[in-house]
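Dropping the structures in below, format is structure tokens.
Look at the two complexes coming up: chain A is in both, with chain B in one and chain C in the other.
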Partner chain A sequence: MIPATFEYVRARSVREAISLLQQHGGRAKLLAGGHSLLPLMKLRLSQPEMLIDLGPVDELRGIREEGGSLVIGALTTHDEVANSPLVRERVPLLAECASQIGDVQVRNRGTIGGNLAHADPAADYPAAVLALEAQMECEGPAGIRTVPASQWFVDLLTTALGPDEVLCRLRVPVQTLGQGWSYTKLPHPASGYSLLGVACLVTVDGGVCRDARVAVTGAGPKAVRLAKVEQALVGGRLDEAAVAEAARLASDGLEATDDLYASAEYKRHLAVVYTKRALLRAVERARG
Partner chain B sequence: MTGVRVSMTVNGVEYTRDVEPRTLLVYFLREHLGLTGTHVGCDTSTCGACTVLMDGKAVKSCTVLAVQAEGARITTVEGLARDGELHPIQQAFWDEHGLQCGFCTPGMMLAAVDLLQRNPNPTEDEIRHALEGNLCRCTGYQHIVNAVKAAARAMGAAVGAPAGGE
Partner chain C sequence: MAVTQVFGARVRRREDPRLIRGTATYTDDVTLPGLCYAAFVRSPHAHARILRVDTSRARSAPGVLGVFTAQDLEGKVNSIPCGWQVPNCDLKTPPHPPLARDKVRFVGDAVAVVVAESRAQAYDAAELVEVDYEVLPAVVDTEAALQSATLVHDDVPQNRVLLWSVKGGDFEAAAREPGVRVVRQRLVNQRLIPNAMETRAATAQYNPGTGELTLWVTSQNPHIARVILSGVLSFPEHKLRVIAPEVGGGFGSKIPVYPEEAVVAHLATRLARPVKWAETRRENYLSTIHGRDHITDAEIAVRPDGTVVGLRVRTLANFGAYLSTAAPAIPTILYGLVLSGPYRIPNIDCEVTGVFTNTTPTDAYRGAGRPEATYVLERMMDLAARELGMDPAEIRRRNLIPKDQFPYTVATGITYDSGDYARALDRALEILDYPKVRAEQAAARQQGRYLGIGLSTYVEICGAGPSKVVGATGFAGGLWESAVVRFSPTGKVTVFTGTSPHGQGEETTFAQIVSQELGVPLDDVEVLHGDTDSILMGWGTYGSRTTPVGGTAVYLAAQKVKEKAQRIAAHQLEVSVDDLVFENGRFHVRGAPDRGMTIQEVALQAYLAWNLPEGMEPGLEGQANWDPSNFVFPFGTHACVVEVDPETGQVRILRYVAVDDCGRVINPLIVDGQVHGGIVQGVAQALWEAARYDPAGNLLTGSMADYAVPKASWLPHLECDRTETPTPVNPLGVKGVGETGTIAATPCVVNAVMDALSPLGIRHLDMPLWPERVWQAIRQAKGGAA
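Moving on, here comes the complex of A and B:
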């Protein structure tokens, strides 16, 4: 299968990409790794008239530490995130999530910015950035603005990104001592996408849970935090019974949709099972 | 439709061509350069038959535009052998019966080369994990895994032998 025809331009800077977006309005789309966009174009589910390739834009690459956060360029591939010593040491939850995306070939091409801009309901990073409370830094005609992960995912394949904006980088607060983490998913056996995935971060101090953040992807139109589970954990001791009790709340009010592979009911069931597994792993790591 | 100029190095040879932007890298290799060792097995970026190395890393060439490979170094299965001598991964697939019909084999071997460059001595689990993006309809995978193990041993034995093709 071959995409419909389109015009192709290489952007050399973020500014140039923005002005190309402004010039061509809704006809143009940005291209990063192409691993969400090109499969859709091959099936002609998406037919942009122009692709603006961000590939040559070096300012969108790189990982550095700055003021208690890691700053990760939008063009950083899943493979780079998974294997970066800095990410593995400072934000191991994100590295663990990246290492479970698709397969090696997908991780070698797909980018974190493309993944978050596309907001596929079965993508993995959305759950991780929600749990990590990352910030997305976007640049548009009006300048740079920062959107917290909690406001980024609006609906199915829809984010807070404006029409002429580029997602440039994300800022991810580094994990702290005593924080346990886990990304645990059930991959679709053919594609690798999440039938359901759970990201969690728990802070334990003197055996008591001080903070808990749990987010789920794959169930409904967008990834969400599981506030009820989090509230049930904080202030308590995290033994297996308490974790199982809290995980049971994962399906409570969770928006889930039927799709080709799984019913909404099955996904709610998976949310409980995978929340428990992810939390138990995180608690184990919090103990060190 | 206006063509876009693209230059890339394929198996050590530099090529410059004008292509339609929608040309997928796999069709550029097969139809523009006549390198038909890279196969197309699906429409969904799932099967890995089209796997090539792009700047040393395994990618699905059905999901990369030729124009995105501007300036890149590409290795296809045709670039694995050196001076008439099979690459250790090719020899190992032969010796260990790592193929039946052979359709998936070029992609399997290039995914295996990516693995062996990163991890010269992988465990069976690591091999299976690294080949997740490659489907085989024939073999049941065990012989493929054995072939990758054998290649790792052979390459470990050949001191200083580079893992990559080209």
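Moving on, here comes the complex of A and C:
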């Protein structure tokens, strides 16, 4: 729990962070809230030679509304996301998800950008950003590019972020009237991560489901959308039986890994149960 | 009335402001000029032969002052001894080298130590020590250990540490009695990690001028550490001072003397510089002792009317790789002798086999043997009730020792001092509103909801204890306590105790005892502990003994002060001693309240010594050593209501009721705190905590991200109440309370969950009751459909 020696640099701008990344290649790591990186460093599982602290970079902060989306700076803490009136009003799914991350201390330090860049397979945000179809805005030597959430999570702890890129902000489409939402999770009793978590967003019009987006985190190496569940829901009425029927498909083809606390079999079962529970809550909210 | 009753008052803990505000001084906070830092190189293998240790790269790393291996300590730091050699059990005590010599025996076993100018440099250099291992097959599984071709210690055949038994009556005969039914169950009491908030640490300083060696160490018993370390280091005891400064919890894990503190103390003399070592949390999980780890086959013999006539227990206990300081007593004396619990069970037959495995050594963990025994007994009581179709409260009531039977000697040979067990049971059922929750349970079942009600009726044997008795059990020490109560000339009081509280609050409770007895303001009493230089002797804080044994010593020392003060007052007031009344801290002449002296005025006179009775020595101080005639026996009933989510297997505790009897209560606030903490730790074993190894002996639960320490929000409000049955064993009438919650809570919760699942025909599930385990059982019971 004593990290190996490393250099520490405070970046003053995104450009400076990028140029430091370019100079030091894979030997440098960006530091935001540090709540994923520092534990790994303390166990010496990660031994970067340099930490580039993004703390002073003000352009990575702030939440604002712009063209039908919320723009959320990468350094926004989980607590800020959970309690921001703007997020709670415009993207309540994201606020609900943030409020369930870790504990108070973690939420006060951990950031949305750090969380998404680290891509822990059991992190909570990935399910929410997949369901919300958020866009990740990254800046690199060649300029700014936008990656949709669906392409962001590549594999275990691996994202589409380039080695000399900085994840700067998220663009999250605001939820609309008639949309119901829910993030529901079973936390791991030790880590607080999701043993299994389900985010969903359903659009109901005249009692009929017009759109459904369901994403699950915690089961396998990365968070995924549950396309079969979504297809089963769209066009139908969302009564309890229909929801339960659709939720059964949650485990269909779902990649799940065994771990000490829960087997793959159990996680697949939880995916069904939590998909049902999340959807029922969302439908209830859609009804207002 | 002006009298303030301090004894029995909810006084806030005086320890807390400094603990909460971060102004307390722990071992790792001790800073000394020239301090350097140690880091241990630990084995990554559970079992391996050490072929070669190359320290050359580490030696030349920045800041490194020295790198030492077993060879370097040869003849300097001796084997770590076992302090409780239980007799008549063929106990094997293989050597425990401070650094592994030829073999490593568990992941985390220390192989070398690096000392450097900074802590970071020491840890960096430790990574440069190259050790060539020949990896050997590891013995990890408790049951496989006896049959394994692999031996953890070459001279311990079958890996068998001990074979211990206790018998009272004749179980076989009782089981053959017509109509008696024998209910059997295998019960696993899983391994736990103690998780004291402060990890272990040691800071040592050698003064070459005086030849004195001072060791600050995270110990629950610094005097014992001094005795053992003087032997381990071949260092004269009077030149060795051991200080346990602030200690951040122990739960038993800071009772043992460990290799690291001996090595650090030695290095301070060797390098002639102060050396500090502070464990990381990862090291704490690997190399600080673990607790529990039993597999038990139990049989309970019961008549159709619910009368329990016998209990037979066969237990396999995992000792890990080495014998820790108190380890042999935990699954034997502190377990087998306790198996009768609060019941009249005429026939008890207990046999315990201890095994070595390539895992972290085990030793005392909060309750130490007694939670394991209570778990066996309370699960078996429930299973017997179920077999007979009897209410679990009823079967308990039928077997409780009646209150007019004390002192009562149980089949295992122990004599209980006092108790009113039925009263505690009744009170718990009353608070719970037992008939009402049973009705709610029945209604919930109609709706497909699984509510369960659990009971646990317990007695704890604690407050060790009579030195003669513990000596006969192989403990290499006494278990009496000493205390000094000293007035200063200005009328302030300093109390020295040989116990070593580390979170239990006795700085406050002992001050209350003295304030009550001497009539001085609470704030005028200072309580000091944890320093071998400050008091004659002390056997430490563990086993719920601090207040019943250490507190009694304080009380007796205060009596001596009062007696001497009364003689001085009588002399100065020119009356006879018997003519004085002591009230509110003041002596006055009976019938003439104006003629008197406060005890502070007497203290000043004692120090001035201008006018003392003929032959009296100056000063005002009392010293007492108290060796109790028996243990003390707190008891109670815990009850809880749980709900199981049949879809996921999750268990939620809806209510938790605890009625405990720890005799007279000095500070209800502190007693509540001890009970709360104990309950949470006990519930945690039932539902969340488990140390797990892979087949190669790697600790899978190696961090707090894998090992679930309970959070306050997971428990409901704890409904605590008490009955008060003073013990006749000590003049304060007090019993211990530090472990009762842990002892009672574990079976209480498991019983409730099994009660919830009973409509499905589920009899027993082993702990921890993780959701998946419960879900799998439900699924199986429902015929495979999820």
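Points to keep in mind about this one:
Rule of thumb we're sticking to: the second predicted complex is superposed on the first by the 288 of 288 C-alpha atoms of A that agree within 3 Å, B and C clash if a C-alpha of one lies under 4 Å from a C-alpha of the other, contacts with A are read in each partner's own complex, and residues count from 1 in each chain.
As a working rule, a contact is a pair of C-beta atoms (placed from the backbone, for glycine too) under 8 Å apart; a residue touches a chain by one contact, two chains touch by 3 or more.
Quantities reported herein were computed from a predicted structural model and do not represent experimental measurements.
When both complexes are overlaid on chain A, the residue A:Ala262 reaches chain C alone and has no touch with chain B.
Looking at the shared chain after the overlay, A:Asp79 reaches chain B, while chain C stays out of its contact range. In the overlay built on the shared chain, the residue A:Ser191 is in contact with chain B and with chain C. Once chain A of one complex is fitted onto chain A of the other, the partner contacts of A:Met1 extend to both chain B and chain C.
Once the two structures are superposed, chain B and chain C can be ranked by residues of chain A touched, with B on top. Of the two partner chains, chain B and chain C are each touched by A:Leu43. After overlaying the two complexes on the shared chain, residue contacts for A:Asp53 are found with chain B alone; chain C is out of touch.
With both structures placed on the common chain, the touch criterion links A:Val106 to chain B but leaves chain C unconnected. Contacts of chain A with chain B, set against its contacts with chain C after fitting on chain A, overlap at residues 1-2, 4-5, 39, 42-43, 103, 190-191. On the chain C side of its complex with chain A, the touching residues are 39, 119-120, 123-124, 127, 280-282, 647-648, 650, 688, 692, 700-701, 703-709, 711, 770-772, 775-776, 786. Across the complex, chain B is touched by residues 1-8, 10, 31, 34-35, 38-39, 41-43, 51, 53, 55, 79, 102-106, 108-109, 190-192 of chain A. Interface residues of chain A facing chain C in the complex, by the touch rule stated above, are 1-2, 4-5, 39, 42-44, 103, 186, 188-191, 260-263, 266, 269-270, 272-273. Residues 1-2, 4, 20-24, 27, 43-46, 48, 51, 54, 57-60, 62-65, 67-68, 70, 111, 114-115, 130, 132-134 of chain B are the ones touching chain A in the complex.
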